[in-house]
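Here subunit A shows up in two complexes: once beside subunit B, once beside subunit C.
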Partner chain A sequence: MAVHTSQSVAKAAGDDVARGRSRGTGNPPPPSRLRRALSVHWYAWTMVAPVVIVIGVIIGYPLFRGLWLSLTNADERNVARSIGVNEIPATYEFVGVDNYVDALTGGQFLSTLGWTLVWTVSCVGVTFCLGMALANILNRKIAGRSAYRMALILPWAIPGFVSVFAWRFLYNEDRGLLNKLLTGSGFDGIPWLNDPTWAKFSVIAVNVWLGVPFIMVALLGGLQSIPSEQYEAAEMDGATAWQRFRHVTLPGLRPVSTTVILLSTIWTFNMFPVIFLLTRGGPGEATQILVTQAYKFSFEISPRDFAQSSTWGVLILVLLMLFAVVYRRVLRTQGDNW
Partner chain B sequence: MTTLTETNARHAVRKPRLRGDRSPAASVVLHLTLIVASVIAVFPVLWVLLTSLKPAKFATTTDFFKETTFENYSNLIKDTEFLTWFGNSVVIAGLTTVLGVFVSATTGYAVSRFRFPGKRGLMWTLLITQMFPVAVLIVPIYNIMASMGLLNQPAGLVITYLTISVPFCAWMMKGFFDTIPREIDESGQVDGLTPFGTFWRLILPLAKPGLAVTAFYSFITAWGEVAYASAFMVGDENLTLAGGLQKFVNQYGAQWGPMTAASVLIAIPAALVFLFAQKHLVTGMSAGAVKG
Partner chain C sequence: MRRGITATALVAALALAATACGSDDETGGSKSSGELSGTVTWWDTSNVGSEDKVFKKIAEGFEKKHPKVDVKYVSVPFGEAQNKFKNAAQAGSGAPDVIRSEVAWTPDFANLGYLAPLDGTSALKDEKDFLAQAAASTKYDGKTYAVPQVIDSMGVFYNKKIFKEAGVEPPATIADLKAVSKKIKDKTGKTGLYLRGDDPYYFLSFLYGEGGDLVNAKDKAVTVDSPEGVKAFKVVKDLVDSGTAKTDATDGWENMMQSFKNGDVAMMINGPWAVGDTLTGKEFTDKANLGISTVPAGSAAQGAPQGGHNLAVYAGSKNLDASYAFVEYMTSVESQAQTAGELNLLPTRTSVYSKQEAADSEIVQFFKPVVETAVERPWIPEAGSLFAPLGTEYTKVLTGQTTPEKGAKATGDSYRKLLEGWK
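Up next is the complex of A and B:
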């Protein structure tokens, strides 16, 4: 269908161009390949041109600069800067892949990567299971369904940084509501954000709270698109509720699930605000994920270490792209035309 | 037809529970689950709202209501730069949205409708740029902005946010254009419209809801962005809301009164519009991704 439409459009557009030219020159020479491609595709290329230019200038150029910085020893003291009217030129040098060697052989990157993986897997796993359960409940006939739906979506509707501050308010060790309730009922208060293990638990809890609505709504949409004939057929064959879920619902949700899992894995891996605003990576470096640590290198330590920060950034990007490629390949071998 | 199958099923196999049937106990369990989940979802937000209505000195009490007052709100507006931050956020997020949608609308259409050399590469680029961690771009953009004197300027932040919103808007709009039947394009061509004419006169009016949702979502993304805003904007009068809110809560102490009041004022408009737009939002996102 796509082919059909595009060809007919192409012909129309191509004719247009040819007519315009022939009016001027009478007998055009046989066009070269490039010219022919241009005359067939010029409208599509014109339409995508703004985005290509914008992406090239504001993403492409910084990206290559970032790659370059990661191969140098740039820090706050040797980059180009101006103090008053004096322009100080950059004095940093090319150091090859030293930064990458340091990052990959030193302990800090690998231990941060380890926690980042734990964080991503547990957040996405828990969020997906909760979202799946809630979507299935909401897909049934149940009184007050739209009210429940509205309430459950709320965490998504509030800007993330506001919710994170709300949680910080609840988590506060001396005066937060959670600990007041605990001490009120005779338990000891919990150092939610001040103990490494509890802090890890707390940030995951907040991220799950933030992430469930998106998955729930997406899966709910997927559930509603599963034809009810399939369930009727399953019932005819005597399938139990679990069998219906396992053999009708799950396969029917596959296209939506694969997409939301991919998206939320990428988002969680890069989830800056939750960690940054809740704990700043603390206590110590216990909750620091790769993104917040890279941010810390370039903006929170002195002197700012731009080279190391860029190195970590590039490594994060490489990891995510590897993940996306592998994920797609696995899906394709299982027969998905995604 | 449906009733027939149902009665058949009921006669044929009695054992497995059918989809419509549910025991009262199961209903109770379902409702309890939903109630617990809803309370967890709503409570933190509700608690902030309730706290904002208490006098600041009672902010950390456990009472739901205590001497209800709006003094947090009036203090917030009188004594802090909240309105300036709010204005900064509106200007920056608004400009980002308008530019993002404007630049990427035609691309969404072209990618949705045409086959052309470079389409595959473009699709991949749009997808990959969405997984760019802040960490890759923030240092080079910071240095570039510093050398151009754009740090601490709204324009600098708008340009930075375009790196997020342009790929995202193009991706979303492809999804929405995909849902508009191609027959409409064909009828436009039959009537002698050029591809641009088809896009401008036929498709764009039909895609208005999709455009609105895309615009709204890119607005919300810019509205809630934290990393770039914290790094690029310093000085009280230049902050956006994400940076301003951090002023109330830092390692030296917390002013929960103004913080909660500010949170409510930031969240209410966003939440209201969001609840209207969310249904279309998921459609666009997953359609764009699935049919890619």
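Up next is the complex of A and C:
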């Protein structure tokens, strides 16, 4: 039935357009583009309407509500709530951009942003280099290659919170396996999660461990799509292994690696579970990144500060959008088009 | 044909979303002919593996008295319960009928309107029997919002065997504590004290010992950054730096209990709530090995915080009558005598202390005078909010990320932001 209707509609619409054109002079001016698009494609618009509405509700509503809250002084005590038969109305007020001014002039946002950048750059950098090395190793014919590939994908296959908890046990200062190994071989135990500097190192290490499989698999796919003729030609010209890597492999991987870097930067910037489950941002606030701090404002402190949390959320969104735009522009000037 | 499938899928998806949104309402109980019925959901926050078993048994005993009532016992980890309850209560769905609310949470919940006032209901029975200190935390704005279930304070738990080996006595002052720890280290190689570095509640006795406090509610003044407060930060920092105490910035509870239970440390500062778990440790198969003494005195005073737990009824409960009766039952003389006997928890009713179970428990007898002289915290709605900023700075001081002076000042600054108009 649906098919039947669609055909007749398309035909009718087509006829209309044809007739409109054939007549020409004497008619009122041709309808605007929007109107014509609507009259021609109304069926398509009705078909996508449910999707647009659903996306509008599940993405648009929270987004605009977050934006609105960030311009108010909403907290736990003044938002609307209904407890049984009692309806308590909202009493928060519009405060303009005060929250943004506070966040950007106070030290907390900037210092958290600083560590978030260090965290993102070091995680993505180390993960990418390791993933690249492993992908190159596994691209050769070595004994038990598929077994290695399986083993290296494992961190990706385990649910994130399970592996993070496993790491937390390993890192335990007194009873963790890592320190037992260290003390067993005559070294001092390391305060993995108790010392601010070591804690920073530890969270980065776990995130690298979690992130390597994705990069490795993506780059492995990229490597296999580089034609072997290029390597043969390079060898004929007497290129060394390093030159082959530098001038054949890297350019060949470019389309894959740019996308992979963009994605993993965004993921790492907002990597909530690793920080939250491993250290909860501690010790003190040493490993707190922007998202975990925004969560803390909204759910851990009392009274919960919804306004400040939304402000940080909006700032995170703006930062990531800026990053994506700049990244794209840089790539475009270097000749990539995507 | 393809569009037909899309349309069907869409309808199915929408239907699914609609069902997911529907809340699973509990059947509310009615009180026809005076008999209680329906479901009462209770969120218990007691320690899993030791206390929870006893509380579950007692809670289910309510069903025997009221056969038509179904008690749903839910064990919620203490560290998560405050947030979980706030989430559920604010969303208006999923909150329990009765919650075991820590003393500092109670005024906060009441201030947010989440709790049902209990004055004049069946939940409050023999109100005069409750210890005045315990009842204080249940009052907010002239009304009673909870019924005290247990009361507690803190003391030094010590391993008698290790103490004997090292030839030391329980420390009375901080100076003693350092000397005792050093002797223990020299004689047995073990660390003296485990000090929790991730929970500022364990810092309070040191703060009181130097004559400080978090805030002074009477004068509306923040006192944590006074010279006494700074001194207290210095004391704990020195304990860790000098090797008297070991600490952790994460998993503090677990590490503390394991170290003490396995005999890796000789002492910990803890309260009655830890007794049940401690006695499951291999060092304490002989219960007599566990010694308890008062917290060491600082340079100005000796004091430990008064804590405890109340039972509060969610204002949006669909079964208020049965919930009131359940709260009354859980805080009754019989129930409290049972927890005193089996778990060594301190009753909140004066009359329970004369019962055999309480009289037989050495721990209850030890803590009774401690609780009577314990430092009462200000029961203001912000009482529960004071710990988050303190915890951050406390951990920072212990891990050397900030100085005691700066840590105390940062805590004070965030208190003044929280408590508008305070000095």
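Here is the rule we use: the second predicted complex is superposed on the first by the 289 of 338 C-alpha atoms of A that agree within 3 Å, B and C clash if a C-alpha of one lies under 4 Å from a C-alpha of the other, contacts with A are read in each partner's own complex, and residues count from 1 in each chain.
Here is the rule we use: a residue touches a chain if its C-beta (ideal position, glycine included) is under 8 Å from a C-beta of that chain, and two chains touch if they have at least 3 such contacts.
What you are looking at is a predicted structure, and each value in this text was computed from that prediction instead of being measured.
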| item | value |
| --- | --- |
| Partner chain in contact with A:239 - subunit B first, subunit C second, else both or neither | first |
| Contacts of A:302 with subunit B and subunit C, given as first, second, both or neither | second |
| Which superposed partner A:166 touches (first subunit B, second subunit C, both, neither) | first |
| Touching partner for A:276 - first (subunit B), second (subunit C), both, neither | first |
| Residue contacts on subunit A - larger count, subunit B or subunit C | B |
| First, second, both or neither for A:193, with subunit B first and subunit C second | second |
| Subunit B versus subunit C as contact partner of A:312, first or second or both or neither | first |
| First (subunit B), second (subunit C), both or neither touched by A:254 | neither |
| On subunit A, the residue positions that both subunit B and subunit C contact, one per complex | 1-3, 6, 47, 50, 79, 81, 168, 172, 175, 299 |
| Residues of subunit A that touch subunit B when the two form their complex | 1-3, 5-6, 8-10, 12-13, 16, 37, 41, 43-48, 50-52, 54-55, 58-59, 61-63, 65-66, 69, 79-81, 130, 133-134, 137-138, 140-143, 148, 150-163, 165-170, 172, 175-177, 180-181, 184, 209, 212-214, 217-218, 221-222, 231-232, 235-236, 238-241, 243-244, 255-256, 259-260, 262-263, 266, 269-270, 272-273, 276-277, 290-291, 294-295, 298-299, 306, 309-310, 312-314, 316-317, 320-321, 324, 338 |
| Parts of subunit B lying in touch with subunit A, wherever the complex brings them together | 2, 5-6, 8-9, 12-13, 15-20, 22, 27, 30-31, 33-34, 37-38, 40-42, 44-45, 47-48, 51, 60, 62, 103-104, 106-107, 109-111, 113-119, 122, 125-144, 146-147, 159-160, 162-163, 166-167, 170, 182, 185-186, 189, 194-196, 199, 220, 223-224, 226-227, 230-231, 241-242, 245-246, 249, 254, 256, 259-260, 263, 266-267, 270-271, 274-275, 278-279, 282-283, 285-286, 289-290, 292 |
| Touching residues on subunit C, where the partner in the complex is subunit A | 1, 3-4, 6-7, 10, 14, 82-83, 86-87, 89-90, 92, 108, 111-114, 116, 197-198, 247-251, 255, 258-259, 264, 314-318, 382, 384-385, 388-389, 392-393, 395-396, 398-402 |
| In the complex with subunit C, residue positions of subunit A that touch it | 1-3, 6, 47, 50, 76-77, 79, 81-86, 88, 168, 172-175, 193-196, 199, 278-280, 282-286, 299-304 |
